[in-house]
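Here subunit A shows up in two complexes: once beside subunit B, once beside subunit C.
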Partner chain A sequence: MSEPRPYVERVGPYRFLRLMAIGVRTHVLYMSRSPLQLGEAVVTPVVFATLAFYLFRAGGQGDQLLQASVGAGLMGTWSSVLSGSGAAVQNQRWLGTMETLVAAPTPLVLTLLPITVSTALVGSYSMAATLLWGVVLFGVPLTFADPLIFVVALLVCLLALGVVGLLLASTFVFLRNANALANSLTYPIAMLSGMLVPISVLPEWTRPISWVLPTEWGTRAVTTAAGGGEVILPMVMAAVLGAVYVILALLALAHVQDRARRAATLSLV
Partner chain B sequence: MGRLASSARLVVVGGMLAYRALFNWTTPAMFVGTLLAAPLLRLAFFVYLGRRLGIADDRFFVLGNTVLAASFVCVYGGTMAVANERRYGTLGAILLSPRGRLTLWLGRALPYVINAILVVAFTLGVSVLVFDVELAPGELLALVPVFLAGIVSCAAFGLTLGAIGLRARDVFLTANVAASLLLLLTGANIPASALPGWMAVGRALPLTHSVAATQAITEGSGPAELLPYLGWELAVGLGYATLACLLLRYFEYGSRRRGTLDTV
Partner chain C sequence: MRPMLAIEALDLSRVFHVRSGWLRTRRTETIAARGISFEVRSGELFGLLGPNGAGKTTTIKMLNTLLLPTSGTARVLGHDVVRDPMAVRRRIGYVFGGDRGLYDRLTALDNLRYFSELYGVDPREQRSRIAELLELVGLAGREKERVEGYSRGMRQRLHIARGLLNRPSVLFLDEPSIGVDPVAARDLRRTIAELADAGTTVLLTTHYMAEADELCDRIAVIAGGRIRASGTPAELKTRVRSRDVLELEVYGVDDTHVTRLRDLPSVRDIAVEERGQAQLVILQVDQGADPRRDALDVLDGLRVGRIVNREPTLEDAYVAIVEEAARSAAGSVRAPA
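Let's look at the complex of A and B:
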């Protein structure tokens, strides 16, 4: 006898966009009232930026301060996405809404995606704060090679960060304290994505790992848009890999959700 | 004598029970990921950043970030030791106890000291092997009291943050800000020659003097020259331990008065 399958609604393009719009609005508002999220969004980029500015100056690379600023801003954004992705699942557990979301006909992935995109949007404040911090306190000139391309590249990078967050959030459904583990991923992904530390200084064996990260291509797009160079290819690669990560997130979520339902561990806190 | 043994029992057994209860949710994989891998990966990040900028050798970043590894355990552990009692609704039962608050809360900090020793030893051992950093036996020996002083001091700092958890709802905000400040102000990642004057405020934070001591060791300082660093580090720790006791007492009194002990 076959097991009953949970009912999952088919979602068309209009409904997808509506879910995203409402979900992003809801979660941005929710985060904008969270002292933890706001505090982290304010403090983390300033810390990364200050460290980066003093280190770059000490290294005699004062002419690279804009690159340092952009790299530090991306690290702040990534940190925000990570903590948001960990909290995306953990918060639902603590609020007691996890089972309802899983039982709802809307696919769970479409509930989680707006959360991680919201964290990237809130995290984009990091970039603005870091650039402003650099201009006001360190006199960093905002001489972007092409400001418009920089904005487009930044949006692509934010989406890339968001989908990596989605993939992580999908696997975090299975972990009881996902937020704790999320914190430990800040530096490795930032390092492998070339934020502040170019991947060329990392060991050769890490290169293939970097190449399959949409965050690496997104970072490359943003940093080259700021300093000049090929931007289109990194943006396309970030978008393509981002789409692959969405598919991986769907598969991971289906598997992990099924296991959590079978083991009855969905709501364990 | 009986009273002393009873207090020691409360510190050790009470602390261990609280630690086990707090970590009931975790798995070995989670422990490895959050407490062993995370400090090591942050260390690697700064080693590679240092290599890219050419501002200091690997030893500087390895030793500085090894000291800083204690902050992962002590800041978040100390915070959770107090704040999670409130989150899980056990704070009221604990504060009903007639036992002295000093021993009660110091016992909560003890497991994190032991935990931090493990984390620091692991971080140093692995990073020395991975980045091929040479440390003479004499240097290793001199590092032991430096690490211990930093850990004890940081545990007291963590308990102070935990005390704030008796009043503040979003206590992890405080912990995150504190961890960020330690990263920025302890001098673990910026060489002393490049440190701006305003960062001297970091001397009031735990680990700063231990970080400076590790740099003194690599520059060839002897045991006698390390004593001022150790003295300052322990003095900072003592200051935070005193502040933690005062805050715990004050917030407990305030929470009882307003009936907000278990409000989350």
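Let's look at the complex of A and C:
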């Protein structure tokens, strides 16, 4: 019997890049055509920018409005990544595409990764929109300590958010109500990562939890890049922890996919 | 020499466990497949027929690696579906019926591009392969329209195109013609027949007997999670060769009438189909018997339309097999433990 000719046997760097590029294009395009998601993308940054402005002004920290605006932007980004990862898996179930994706001869992690990267990209828009609304509505000055370092730190932070989303998305494959869990995780992880309020105001016992979250280091890198301070160490920590999370996601996915095939949860809605 | 086997299923079983309730958790167990064994030769078009809940989709999902069997083994083109799922996935296509399974806010072209990448189609071939498939399924010229605007038949054709992107050696078609209008269903049958002619092994599940009769080289009838009969359509029809069929168009038949008709001495099996306001009562009777008068006595008071005597078809054979399975299941439930 003849072998199926056009199958590319190994996932080399070229195929990986193609999978990422076409996957991200597909999912960003799909998300951008949802009136609900578009509406959310417009409204959420305004809400977060307003929240941050009044919170910091009431606390007598009017001199840190830029950090407040950046933190609010990160909240929007994180919310997009997390709800996007949870909803991505759930959406595939609703659309009936989950089984088609799993039945494809491509490792599931390479199918899910572009989905979480897409949500991070959409999330980065949230950061830009929040900063913009901060300037337009509340006159927050855009005076970054080092704009270039800020952009680099932001990219590292987006990656950190994306890999946490990937780890969560991999476990969502198994869960029937993935998006409900995603919703309930949004604020605890944002708090523990110091996105809107510094982790120093949280109880001491929460500190070790924050330290193992790449999102905390990513947030620290971005806020210090905006206001000035040590940026390299948090960036390195975010990258290293991010790599660890990718490995954990790979392990979780192999296990979870097997369990989903055993428990017949792939197509559950 | 033994012909090359595309699919081998040996004693496949699948049990589903469902938990319900929070405080008092209740576990229920459903056995969807009970020791299913069959073989499909390379290039064969094999039909899996059965009523709803018979275990057809479960069987297909075990073969295409989406579900793990609870017990038993299966191989597709020599690759074990449990131990080597990736090798199986590279060589198969999977198409299911209905509206779902596509990104409906995207165009057909965007859908096919994405799945080409996931199914590992060589980037240099993608453009020509997609154009070739759009032509094959009759969607050429409509590929830049969003799928949400497609009719059910068009979606189904797009599903077929998606399932064929990686030139699968084995194609699983799970009720592909469900909800499709007669003209689209005819086109679909033609496409399936062409694929089989070109050497693709096809495993087809369907509710439509005429479709199975027209397309399938061999058929297995599955009911209650077990294979009840298998053979060519002609072989299956011989099971009811010693019978005649009497069809009565009646208005207002209820369960009591059906039970009394079933109890008539020459009646072997009975099926009732809804036909708008009326019901079509199909009686399988002993060859040479004419229970017309007895049947009309049972239906006394109801409006009776057309009455036809005809030769048994594959559908009659199917009904006989499924009814027999139901009777034996009822018998085993009634039998003392």
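To be clear about the criterion, the second predicted complex is superposed on the first by the 259 of 269 C-alpha atoms of A that agree within 3 Å, B and C clash if a C-alpha of one lies under 4 Å from a C-alpha of the other, contacts with A are read in each partner's own complex, and residues count from 1 in each chain.
Operating definition for what follows: contacts are C-beta pairs under 8 Å (C-beta built on N, C-alpha and C of every residue); 3 or more make two chains touch, one makes a residue touch a chain.
On a predicted model such as this, the values are computed, not experimentally measured, just so you know.
Visitor: For A:40, is the partner it touches subunit B (first), subunit C (second), both, or none of the two (neither)?
Guide: Once the two structures are laid over each other on A, A:40 reaches subunit B alone.
Visitor: In the overlaid three-chain picture, which partner chain does A:207 touch, first (subunit B) or second (subunit C), both, or neither?
Guide: Neither: A:207 stays clear of subunit B and subunit C.
Visitor: Return first, second, both or neither, reflecting whether A:57 touches subunit B, subunit C, both chains, or no partner chain.
Guide: It touches subunit B, and subunit C stays clear.
Visitor: Going by the contact rule set out at the top, does A:196 touch subunit B (first), subunit C (second), both, or neither?
Guide: First partner only.
Visitor: Identify the partner contact of A:188: answer first if only subunit B is touched, second if only subunit C is, both if each is, neither if none is.
Guide: Only subunit B is touched by A:188; subunit C is not.
Visitor: Looking at A:96, would you say it contacts subunit B, subunit C, both, or neither? Reply first, second, both or neither.
Guide: A:96 contacts subunit C only, not subunit B.
Visitor: Counting contacts the way the document defines them, which residues of subunit A are shared by the two interfaces, the one with subunit B and the one with subunit C?
Guide: Residues common to the subunit A contacts of subunit C and of subunit B are 34, listed in rising order.
Visitor: Show me the residue ranges of subunit C that touch subunit A in the complex, using the header's touch definition.
Guide: Counting only subunit C, the residues touching subunit A are 4, 16-17, 42, 61, 64-68, 77, 86, 89-92, 94, 96, 98-106, 110, 113-115, 117-123, 125, 129, 162, 166-169.
Visitor: Within the complex, which stretch of subunit A touches subunit C?
Guide: 1-8, 15, 18-19, 22-23, 26, 29-30, 33-34, 95-97, 99-106, 111, 258, 261-264, 266
Visitor: Could you pull out which subunit A residues touch subunit B in their complex?
Guide: Contacts found on subunit A: 34-36, 39-40, 43-44, 47, 50-51, 54-59, 61, 175-177, 180-181, 183-184, 186-188, 190-191, 196-198, 201-202, 269.
Visitor: For subunit B, which residues count as touching subunit A in their complex?
Guide: 25-26, 30, 33-34, 37-38, 41-42, 44-45, 48-55, 170, 172-173, 176-177, 180-181, 183-184, 189-191, 193-196
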